[in-house]
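So the structure is just underneath, and the comments pick up after that.
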Amino acid sequence: MSNSERPSKLFRNLNAKVASIPMVLTALVVFVGGTAWTVLYSFTNSKLLPRLNFVGLDQYHRLWSTSRWLVSIENLLIYGAISLVFSLVIGFLLAALLDQKIRFEDTFRTIFLYPFALSFIVTGLVWQWLLNPDFGVQRVVRDLGWTSFSFDPLYNSSIVIYGISIAALWQGTGLIMCLMLAGLRGIDEDIWKAARVDGIPAWKTYLFIVIPMMRPVFITTLVIIAAGIVKVYDLVVAQTSGGPGIASEVPAKYVYDYMFFAQNLGQGFAASTMMLLSVVIVIVPWAYLEFGGKKRG
Amino acid sequence: MMMAAEIANPSVSIQDLSLNFGAVSVLQTLNLDVADGEFIVLLGPSGCGKSTLLNCIAGLLDISDGRIFIKGKNVTWEEPKDRGIGMVFQSYALYPQMTVERNLSFGLRVAGVPKDEIAKRIARAAEILQIEPLLQRKPSALSGGQRQRVAIGRALVRDVDVFLFDEPLSNLDAKLRSELRVEIKLLHRHLKNTMIYVTHDQIEAMTLADRIAVMKGGVIQQLDAPQTIYNRPVNRFVAGFLGSPAMNFIDGRLEKDGGDWHFAVEDVRIPLATYAFEKEPAPGPAVFGIRPEHVAFNSGTGWPFTATANVEVVEPMGSDTLVWLKLGQQNFTVRVTSERTPKNGDAVSIGFDPLRASLFDGQTGDRI
Amino acid sequence: TDLEVTHWWTSGGEAAAVAELAKAFDATGNHWVDGAIAGSGGTARPIMISRITGGDPMGATQFNHGRQAEELVQAGLMRDLTDIATKDKWTEVVRPKSLLDSCTIDGKIYCVPVNIHSWQWLWLSNEAFQKAGLPLPKDWNEFVADAPALEKAGIIPLAVGGQAWQASGAFDVLMAAVGGTDTFLKVYKDKDATFAAGPEIAKVFKAADDARKMAKNTNVQDWNQATNLVITGKAAGQIMGDWAQGEFQVAGKTAGKDYTCLPGLGLNEVIATGGDAFYFPLLKDEAKAKAQVVLAETLLDPKTQVAFNLKKGSLPVRGDVDLNTANDCMKKGLAILAKGAVMPWTDQLLSQDSQKQKEDLFSEFFAKPDMTLEEAQKRFAEIIGSAD
Amino acid sequence: MADVASLSTSAQALRRHATGPSGPKPRHALSRRNIFLYGTLIVVALYYLLPLYVMIVTSLKGMPEIRLGNIFSPPMEITFEPWVKAWASACTGLNCDGLSRGFWNSVRITVPSVLLSIAIASVNGYALANWRFKGADTFFIILIVGAFIPYQVMIYPIVIILREIGIYGTLTGLVIVHSIFGMPILTLLFRNYFTSMPEELFRAARVDGAGFWGIYLRIMLPMSLPIFVVAIILQVTGIWNDFLFGVVYTRPDTYPMTVQLNNIVNSVQGVKEYNVNMAATILTGLVPLIVYFISGKLFVRGIAAGAVKG
Amino acid sequence: MMMAAEIANPSVSIQDLSLNFGAVSVLQTLNLDVADGEFIVLLGPSGCGKSTLLNCIAGLLDISDGRIFIKGKNVTWEEPKDRGIGMVFQSYALYPQMTVERNLSFGLRVAGVPKDEIAKRIARAAEILQIEPLLQRKPSALSGGQRQRVAIGRALVRDVDVFLFDEPLSNLDAKLRSELRVEIKLLHRHLKNTMIYVTHDQIEAMTLADRIAVMKGGVIQQLDAPQTIYNRPVNRFVAGFLGSPAMNFIDGRLEKDGGDWHFAVEDVRIPLATYAFEKEPAPGPAVFGIRPEHVAFNSGTGWPFTATANVEVVEPMGSDTLVWLKLGQQNFTVRVTSERTPKNGDAVSIGFDPLRASLFDGQTGDRI
């Protein structure tokens, strides 16, 4: 009997490994490397240029005593909650409506989805304009006779973050609707029939049966929305530039402003690190559950 | 085609039912009366419209024409829940995130049935189906057979007159299938409900049904007791569809030879003296069908017909053995008990009694 | 030789001014490749800096002279212009001298100042006051007194755009005007936090509070939109630097007739010597390096200075140029400059970091009517305390 | 059971004279349900269309009309002037050639970026789904977490990386940046899609002797149209609409359209020319919109195939 | 457990094969020798590791330990394509975007076989499988049976020594299944290749195999000719797994009564004089198993054992009938020809010969 030796483990699937080099490099150099670099420099007092001049936790002390950062965090939470809840609810409702075997489904779906093709810059501009009290909705309504009508969410500190969400929802719910629709279409027809035979009204079927069955879709959607929330930046810049005052500031903008406007890299990196930290705390356990386990038999 | 005999007080009565999906006509003026307490099986190949018919009865599809009566009430336009039916689906369609108990009670709670009434009904269903220990589990923690029982339970708690089953066993493995078949049979005997059961598995049909409706292309071909369908199929389709391995068919001609009818193929002539004709025969092309188990080996004399054939394949199946023969140009299957099996390539002599056979018209395929 | 020049001058007046620079440079046989980045310095600077540090520098770039490019110079990324400066005797022609000081780091000159911009102007719309039936105010205090009447006439008394630097700039102007030059320097140059928390500055905050109240109905973002409110008479006044003048000019308005300017808000007629300067990143390409020299010389050329500053509405950095075509307001500025009433501006005194913190504070202060003066002043003092 | 026909007449009678409901259940086109359903859909659709309507209408008005009128009112006098200006002559600083230059820059950036990022991500997804090797999952999770990192955080490190490789400010650099940031979500999509394809297909191809690339190119690729459509739409919209990377990692003569748009919109020369701004905005959004309208149907299918797997 | 007898020149030889998925051990030091030209069926319940074993042989899974020889060559670390195997999958795994012809030629093209050689081989395979008219179609335009043939064709063109089948028929309906079974059998006879065939359908296993390897939990329980396995299962698992309806099992005790062994349950005593013991029996708990077809009705005398039982359910299956009885507390199935069937509720007398029975140890389940 011949006895071929077990070949080295390294060279099994060699092509697959070679093909994954871009992924591995991106993961290691850009995401891990870049993150580590950022974290490292967040402990320095780098200004315009990165310098290894360690100052311990100074940047973090300053960060957490800056009212703008606190406002940003608060805004992110509000914006996050609104986007999450409303895009899920609206996206799901639209998907449910479209799932009623209606005519012109394609047309409606296209209409709901087209804003997704537009950039946040464009979205921001349009909505800034629509919401501008001097010639937007408020003016139009006032011209119609309701002179006391007031609707200026982008110019009112206390509600500006909600105003920004209007545009965000307009832009983003289409995609969510699409995901939900795909999920609904994946539900076994028999479940619907069973529910009808049981005499369960449609809304109860959705609420108690279908939605719980769509857990995986909701999770995917949640991740997509969440990723968008953390990154929100362009939209705020295009609509309010963080104003009025600092009422609509968000963390990503804080990072950007302090890194580049204020030329205080250390401060920007400290804020980055805080953002990364929260992302990691939320995402890593989820990712492990979702992708780490054995998914295939 | 043979239609249903009239039934006095049908539990379910379908009258001139038609159903089109757009331009495609799936069911055409179909009539079916189901007696009270009867177990009807709808049997047919895939796509013949069995599920469609069941869904029409349940009210899950809008019919194009006709009427449906359940317990004498015209339910053509009723909502499914008001028809007094319960339905069990192939995939069971259990609500995956609810416990078995909630699966059973959900419909009742929505209908506003009082709590203690619900509890009572669930207790009863659980007892009948022996799923008491499973009540607090989720469907994902149940085996296929248990899920199936829960699905039946969901129909059971609703106290309905008619049970509809859409291939409830086809997702299960052979062993479980045969066990659950018996369970359903016992359940029917116990409950005495009307049951309409869709399957494409002929064993299920044969074992469960009081009457089988064999369907093809949206039309009921034959509606009769299982043994009748098995032994006296009304046409070639029904004959070929039932029985595994399938009936042997031989294409040939019907000829009158003196006073006696013969079936002639090539140089073989099968005398039909013992055959019970369905209608007055006429000479012409015909198909002769005989089931594998009605053919015997080494039969010597005593059979109205004998011949010699070559063994092609022998398939031992444990309890009995299938032998695939070449009889002239025709393939021929014989089923024998495992004891006396020929070997590949053997030339064997076979014999059968045309009494057991079926004859079909060469053109229409109808029984002669 | 093509030389790419980046800047953030994109408004009407600014663009016209840049065109003058480009014209002059092109006339030398080179080619000005325009790299305008819209927005404000805040948007443009990060891009410029990324490109310089990223190893893809432009031929020249605008910065506010002061401390914005300090680290780039220290990192050895910028070109030392001392040779040219000595050759062309910049120390003699550039006036006031403090401008060149801002370009000097460790004794070497790294930038070419091109103009003097002073922040301390109050622009008033004659039309608005006429409409409200009021005489033109002579100074800030009168202006504040006119506010209720203006509001009654449906006119926004003071236009302050939403961009953060406008609020912060307006405060600095009030500080220099209401508080006076010494107060200003004590806070921003000496960074005396105790003083910043003291009663002197409280007065400034009181004035800022007035401004905040007067500006509460401004619903615009950009400074030039705010200026436009004044131009069209929808707003009565604006505290803005002399660059606003360019907008009046583009709109075809005449100083004194259609609008009025009050340097130092009419309280303290001093001019701050902030302004723009061009920096030259170190280039490997010989031909481009030569073109940089040409550009540097072109920028300080008297003809260019005149043409550019007339369009831009700013003051030239040379004392030896003839500006008799200048309008009313510019002449006022020149006169003050000639008197030597100059002071440095925050760009030169504070790091960008402190500037940004200050902007955050004042943009919040202006947008939030319920922010108390005490709180604002406390935070202001903290920023001054930690400033560098 | 089959109690033949003693009382058959009564059944017959029932059949003949039944006057009850028969045939399809009557449905009114204007049933309460339909009114509610279509009513809601139409109202929502109007909400979604409103901004587009305002954009188009405004872009066709002249400035005086805008200043006077109502943003929702249709133009009294249609003018294409703003479109021409936005495309060809709007100014940023000294450059007065509108969006036209940015358009070609965008094309030059988008095409290679889309191709490269999809090529890399699809191979990655395929390797992850079918050739799982040790450690692959870890890199994948890092990648997914990477999808959450705000871009701003990564600008600086990437400037340094690009500088070190020496491709800062080049088109190549920008293409690589887009590929890197497109990688997480695309890899996830492709991985899910390939995982949902029957593994037996992959095994059959291996038995047939096809290698890593053979299987990818000849078996997997031809079957992946829906997910490629999704990837293309996501990337075309994402890259075409990108502003941040375009402005940071290019130089003015290669600025993409969005940067040019931002410049035009923010270069206020006197009054804001809303009509020009809107025309510019529409022009900028046109390419992703067209791509999206053409392949919208496949998009939903692809989403269903790639994204919705637990 | 009974292991394989030594085979002189095995076509496939598996030695001490182990396979773990992470911490889960799926196959444990498995040994299997397959003779040249032999048709081996791997039979076992779902999840017992049949596919895993097949994939190991094909080289599609990296084994954890052991060696695999094909035609005497150690292929443990070879690529699948170099092992001289062809594989047919349950889902057929036809490349959907290629025509049948390109499906067949794909492997050859990848290997760089010359064009005319490819054409020749395809022509041959197409002829054998009778798929010539289908060559230009896409798989989506084929019926299940045709797809199956193309899948076999793909292995055929590669001229391999060993064919591996992973449940190739389980996606088909009963009728097609029985037809294709015969086709595969004929193909094997024609080609004389070694074939390893995975199924969980016992009919397939019984009819196709030269030898069956019954697997459970990654271990081969019995490897033997079908009839041996059917008639003399080595343990209770094998006995219960084969045969439908399943063998009747009765839990009781083995007792020695004078010189004769008896099987005792409740008050019934089955004499075991005719039983052929596998090994020296010892008194103690045991399980008595008898197949439904080895039990007869109304047997009167002549049987070593008779008893009376109550009929619970009668299942006519066409050719024969299943009768479910209650024998004391035990369920009991009897299979009879359709002619003489009792009715529900009848008390009937049954009888059988323990010669046909199997006895298992009460603890280990091994055959006694």
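As written, the chain order gives the labels A, B, C, D and E, with residue 1 at the start of each chain.
Here is the rule we go by: a contact is a pair of C-beta atoms (placed from the backbone, for glycine too) under 8 Å apart; a residue touches a chain by one contact, two chains touch by 3 or more.
Nothing here was measured: the structure is a model prediction, and the numbers come from that model.
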{"item": "Centroid comparison with chain B (C-alpha atoms), farthest chain", "value": "C"}
{"item": "Pair joined by the larger number of C-beta contacts - B-D, A-D", "value": "A-D"}
{"item": "Between chain E and chain C, distance of the C-alpha-averaged centres to the nearest whole Å", "value": "90"}
{"item": "Whole-Å gap separating chain B and chain C, where each centre is the average of the chain's CA atoms", "value": "92"}
{"item": "Cα-centroid distance, chain A relative to chain C, in whole angstrom", "value": "38"}
{"item": "Averaged-CA centre spacing for the pair chain B and chain A, given as whole angstrom", "value": "55"}
{"item": "Multi-partner residues of chain C (at least 2 other chains)", "value": "46, 50, 53"}
{"item": "Sequence positions of chain E contacting 2 or more other chains", "value": "none"}
{"item": "Sites on chain A at which at least two other chains make contact", "value": "12, 256, 259"}
{"item": "Complex contacts: residues of chain E adjacent to chain B", "value": "46, 173-175, 178, 181-182, 185-186, 189, 200-203, 206-207, 226-227, 230, 242-246, 291-293, 312-313, 315-320, 322, 324, 335, 338, 344"}
{"item": "Chain D - residues contacting chain C, complex", "value": "91-95, 155, 159-160, 162-163, 166, 168-170, 247-249, 251-253, 262-272"}
{"item": "Parts of chain C lying in touch with chain A, wherever the complex brings them together", "value": "42, 45-46, 49-50, 53, 68, 70-72, 75, 162-164, 219, 221, 351-353, 355-357, 360, 363-368, 379, 386"}
{"item": "Chain D partner contacts - residues on chain C that touch it in the complex", "value": "4, 6-7, 9-12, 15, 18-19, 22, 32-39, 43, 46-47, 50-51, 53-56, 58, 222, 224-225, 228, 247, 250-251"}
{"item": "Chain A-facing residues of chain B, complex", "value": "55, 58-60, 79-82, 85-87, 89-98, 106-107, 110-111, 154-155, 158"}
